[in-house]
Amino acid sequence: MKNISLHIDGKYVQTPGGSTILAAAKQNGIHIPTLCYHPRTRQAGKCRLCVVEVKGLPGLQVSCSIQAQDGMVVLTHTERIIETRKMIVELYLSNGKHNCMSCEACGSCELQAVAYHLGIEKSDFPAVDKDMPVDMSCPMIIRDMNKCIQCYRCIIACNDIAVNEVLDMGYRGSKMTVVCDTDKPMGKSSCVVCGECVQLCPTGALTEKKAIGKARHWETEKVRTTCPYCGVGCQLQLHVKDNEIVKVTGAEDVEPNYGSLCIKGRFGYDFVHSPLRLKSPLLRKDGRLEEVSWEEALNFTAKRFSEIKQAHGPDSIVGIGCARSTNESAYVMMKFMRAVIGTNNIDHCART
Amino acid sequence: MIDKDIKEIIEGFVKKFPCRDSAVLPSLSLIQKKNGYVSEKDMEDLSRILGFSEARIFSAASFYSMLNLKPKGKYHIQICSNVSCSLTGEGPLLDYISGKLGIKEGDTTPDGLFSIEPVECLGSCGYAPAMIINSDHYENLSFERVDEMINVIYEQNITEK
Amino acid sequence: MAGLASTLGAGAMTNSIREIENAPVIFVIGSNTTEAHPVIANIMKRAVKKGSRLIVADPRKISLTRWAARHFQHKVGSDIALLNAVMHEIIKNDRHDKKFINNYTEGFEKLMETVSEYTPAYASGICGLPADEIRELAKILGEAEKVALFYTLGITEHVTGTDNVRTCANLQMLLGNIGKESSGVNPLRGQNNVQGACDMGALPDVYTDYQKAAYPAVRKKFAKAWGVNSLPEQEGTKIPAMFDGIIHGNVKALYLAGENIVMSEPNQAHTVKALEKLELLIVQDIFINETAEHADVVFPASCFAEKDGTFTNTERRVQRVRKAVKPPGLAMDDWWITCELSRRMGFEMGYTSAEQIWEEIRSLTPSMSGITYKRIEHQGIQWPCTDEEHNGTCYLYCNNVFPCGKATFQPAHWKPPAECPDNEYPIVLTTGRRLYQYHTGTQTRLSAGFDEICPEELIEVNPKDAEKLDIKDGDYIFAVSRRGRVKAKAWVTDRVLTGVCFMTFHFREACANVITNDVFDPVTGTAEYKACAVRLEKI
Amino acid sequence: MLYMSKILLRNKDIPNSQSLEVYTGRGGYNALRKALSLPQDDVISMVYESGLRGRGGAGFPAGAKWRMLTKYRVKTVYLICNADEGEPGTFKDRFIMEFDPHLLLEGMLITAYATGAHHGFIYIRGEYDWIAKILVKAIDEAQAHGFIGNNILGSSFSFFVDVFRGAGSYVCGEETALIESLEGKAGRPRLKPPFPAASGLYGDPTLIHNVTTLSYIPFIIGNGPDAFKSAGKAGSGGTHIFGISGHVNKPGIYEYPMGTTLRELIYEAAGGIRGGKHLKAVVPGGMSAPILKADEIDVSMDYQALNAIGTMLGSGGIVVLDEDTSIPMIAQKTAKFYAHESCGQCAPCREGTNMIKYLIDKIIAGEGTAKDIEQILRLCRYIRGSTICAFGIAATLPIAAMIKKFRNEFEALLRD
């Protein structure tokens, strides 16, 4: 698309045609706060935090959904805009239970970030009582609707990204809340626990149960890797603190999954730290497997392989490689069987 | 539960409208008319018949104030509580009826006969006060006329028994 | 994969995951995509929302059918009859792509001859589908501008698996759905690095990049690179033959890296018997599993989060694996262990990093020679990628260039499964996976929450069969075959047809592979996991 | 002198006015015949020239709306009659549908012909059960006589119409919410653009008009645009149906030319204040219109004049309040209504209307402080213009006006 030019806050800026005002501003280093907008859920317009003034248009316009036009004159930080944003954030704080102290989302919460940005210490409105029971019924996901800001991201995630069609918006007005199926607890619903909703939730309304209390967002190192389950090869972020994986999220900016995962990829990581993991080489002695040193186990094995090869020929030894280990390991195993043992008896579980 | 007859009518809605989406609201209203309210099971059944997610059906059913997700009395009285209706008449009609039936708003009488609830404008502002019993509309109400109507219902139900 | 290699040239998905979203028709046969490849299923469902027609052919009413425009519920093991009849109809109605067939394929006459006898009426008797439904499927596929075909183990895990795959390829060649975007023949690989393990030559007949071990030039090339005088000539054995070799006493030692074969191979008793007969069993794994219990030596290996390297996904994309945490105790990388053994047997490999190994791999592997760790730092690259300027390949056979000149039709006749139901074992058992467990359960069952959602094996039984046998939903029952018996809970559901039941191999307490049949496709050595005869017994 | 003109209500008091026989006997469906003999664009031009403005509340010129649709002639076009009358104080559309359903149908038919629509819906609020039945009967009758169906009156024009009942939601009067509701979803307004003229029902171009607007069409086509224009005043052509309720002697509906003064309507048409009391305030255009004080009623009832004094014609629902009325009580009812009816979709409206209600309740309960009044005004100021649909404006303008004009009454209730 051809570039168009417009004025934002008195600055002459350029943006590709078809961009929203929000995108145009972002490309040019102008920050407009958002809550419901996310690049993966796209058109939003629910939180109204990204409002701007556009010369010639009445009222305020949501920059996340209005297309930038050639010659448009946009203001993003007038008093009216700032006051509107402050009002909205204060209303959110008054109408929900937002306590950052123990909230799992602290540090990655977008409401917290916006409040910080606007300098809101506490809401000037009285607190309206909201006390919805926390839904703990799902083994993987905690739903605390007191922290929900009705941004619709989880609903778009569930219906348009993962297309599992479990979530929708129930009731109306101030009673409006996200429901699973016919307002069932998540663990009793048709939810397949892909966690797309958790990944896209901007606050602590949806959190990973296993991650609770393990680490603050800023304490973890994020390591990009490839999922160890099926052949799709989803790209993951492992959130690591003190040599422990505390959480897994999807990597949003790459193929093939662009952030999507399934229950196994997102929640099936704790086998890594299972106490049942093998920690030492084992050697069968008097019929029992006993812990031995690497030296002993390797020497024994090498000796036995050599003996058998000597006695029965290289084809009496077979190797089965692993369809779950790395290419590099598979290659080395293949090379070992062919170059060292001297046989083509190498196969792997290619079929299951 | 959606029985065979209701299912047939619903399938008729699907055929009648240019798009099956439009069958959702008429189906929910129909279910309520037949069953008195829309139960969880009804919504699950409807989801399967129409091929929409349960959540989508629930989202619609829980949005509209005329659809009940819980059972109501046999005679569900909805009284306008908006401006024009509270300017005229002898006093708040809701308080009068709730006093007469001995139940609070939102409740059902122990015999299951009546339930009452305030509603917003019924479009009878010039003929206030107004109320609806099930789907029948009543205007220009006085306490006396309300007494009469309730008594008629009582009598009808005694003779029916 | 042999089926695809012999028809089209390469044993891999022809197209890419992201192309699914734009396919006008998506034809899924023998793939329970929502449970086995959930993220790909998401993209299929998104495509449906955007207007694609999703067509499912599967003996089970899998979850994907909820989004499908049509579900054809054919009988277990009748795929060739169904697809041959579909091709019969397509040719009859002149809906085949003559230009593609004439210019880019060989063997069309043979195909015509083979499918000529598969009239819808004839196939109907085999598939259990009305002839009109077969005609309808042919019409949908024949009229579509493009069709993207997907299959998984429902196609391959049959004694006729190779023929099944070839038949899928025949269909797509007939329709000219090869060599263009959002079409093709797309096998979805079941484990994270099956594609990679194949590409790396962990197979008895090929080196990396499917370079044939039988060719002297190939052996010479690798011998030179590895610094050895010669490399073995004789083709090696596949897993089933290995077991036979053990039982016959020809094979004495097994070096097993990371496979839980007791659970994953069919006819468990046979597998265990073989393991017990071995002189030496070396197991390299992350857990003591059912197989490691028989080992003489167990090497503790590192898992995916503890090592550097690469995996290759189902769309041929080589992606990085990165070390995030330290392995527990003394556990080490698989390749380190193998290298140490090698050194002790007098052959020094001397690698100090995974990247170093990769550099050797790409020097010997033409289709990956352009892929470096640096280039895939952010996003993986799909092979073929022949030099460092090459951006990788989204879909194969662009411009209809096939590795062996032309694509070859390889028609096949339908054959019934090796073991068909009879009076004693009247029900067909077919096996597969559930969303909430993985493979033999070693990973998911040791992760919190999974056993809460999916705690035990469920045998799917059709309500009519259940009624006949007086089985109620939730009853514990026995599934009995000629090879053994398994006890598990019955799930009475119309997901399966009458006369069919379904199980998985996730639970050691009730593993379907105790009773599955150890017969194999003669070309690939893949077992017929998808069909054997059982009877169900009420307890 | 007050001149009562009858365009829409001319059949109201005729016995059996709902029947096709009576309607055609009084010249009904002649305008349709005339329209069918004209090119579609000529029909559109007549409506354009008449200056007819939408009577649902927003007052958008009807002809301009039609012209937006003409570029979609090749696509499926839907026509929707918005009969979801739900604004407190408004009760005009029901009388047209109840007593003259064929007038509405004829209006829809002409509109459909001009704009290329072949399928129409009358979206009627669920509470109007008996009126829905009248409409269904009228449609059946019209269809039996060839006014609705295929090849209407021998022409190539075909049109079908369904009555679709709402289920209790004020927001569904907003046209995109109404479309969502017709599509079986919760009635939550869509983001605009796209506007319904480009992408409406089922994603197709859609024209939506209020009952009253559509009912003027037969008169305009039958008598020409000038006849309509001259029935009102410049910029506000035609008549208007005013529904007068509250403290007047003769509440009810009255059709008068645009430009009649509010004083005339209260004191002449509706017979003045009940019980000889003094007037305190008037809501001139449904509960979303800012309130007027007794000294502001000499205003001409038309779009421009009412806008000039900070209020609006809206739906023409006039609520008259006498000297004994508590304005905070009216504010409380109004706030409760808007909090109850907010669809909940966008944050300022959902959270804001609820907070306004909370604060007014607090003041009425004697717990309020001066800061609460300021906070209500703050909410009114910033909710306005920041919401997805006009509901946010409707919910805040009246409250702000009540506080500004009767602040002492609110202050008298404060805690200190």
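The chains carry the letters A, B, C and D, assigned in the order they are written, with residues numbered from 1 in each.
Definition applied: a residue touches a chain if its C-beta (ideal position, glycine included) is under 8 Å from a C-beta of that chain, and two chains touch if they have at least 3 such contacts.
None of the values given here were measured: they were computed from a predicted structure.
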Innermost chain by mean C-alpha position: A
Top-ranked pair of chains - ranking by C-beta pairs in contact: A-C
Centroid spacing, where centroids are CA-atom means, of chain C and chain D in whole angstrom: 63
Interchain centroid distance [CA atoms averaged], chain A/chain D, Å: 47
Separation of mean Cα positions, chain B and chain A [Å, integer]: 44
Inter-centroid spacing, chain C versus chain A (mean Cα positions, whole Å): 28
Per-residue multi-chain contacts in chain B, two or more chains: 56, 59, 62-63
Where chain D touches two or more other chains, by residue: 169, 186, 188, 340-341, 343
Residues of chain A engaged with two or more neighbouring chains: 169, 171-172
Contact pairs between chains, per stated definition: A-B, A-C, A-D, B-D
Contact set on chain A toward chain D in their complex: 35, 43, 45-49, 51, 58-60, 62, 65, 80, 83-84, 87-88, 91-92, 94-95, 124-126, 128, 149-150, 169, 171-176
Of chain D, residues touching chain A in the complex: 169, 186, 188, 191, 339-348, 350-355, 358-359, 362, 375, 378-379, 381-388
Complex contacts: residues of chain A adjacent to chain B: 159, 165-172, 179-183, 190
Contacting residues of chain B [partner chain D, same complex]: 16-19, 21-26, 28-29, 50, 52, 56, 59-60, 62-67, 81-84, 86-88, 119-128, 132, 135-137
Residues on chain A engaged by chain C in the complex (per definition of touch): 139-140, 160-164, 192-194, 209-210, 221, 223-235, 238, 240, 243-245, 254-257, 260-265, 267-274, 276-284, 289, 294, 297-306, 308, 311-312, 314-340, 342-352
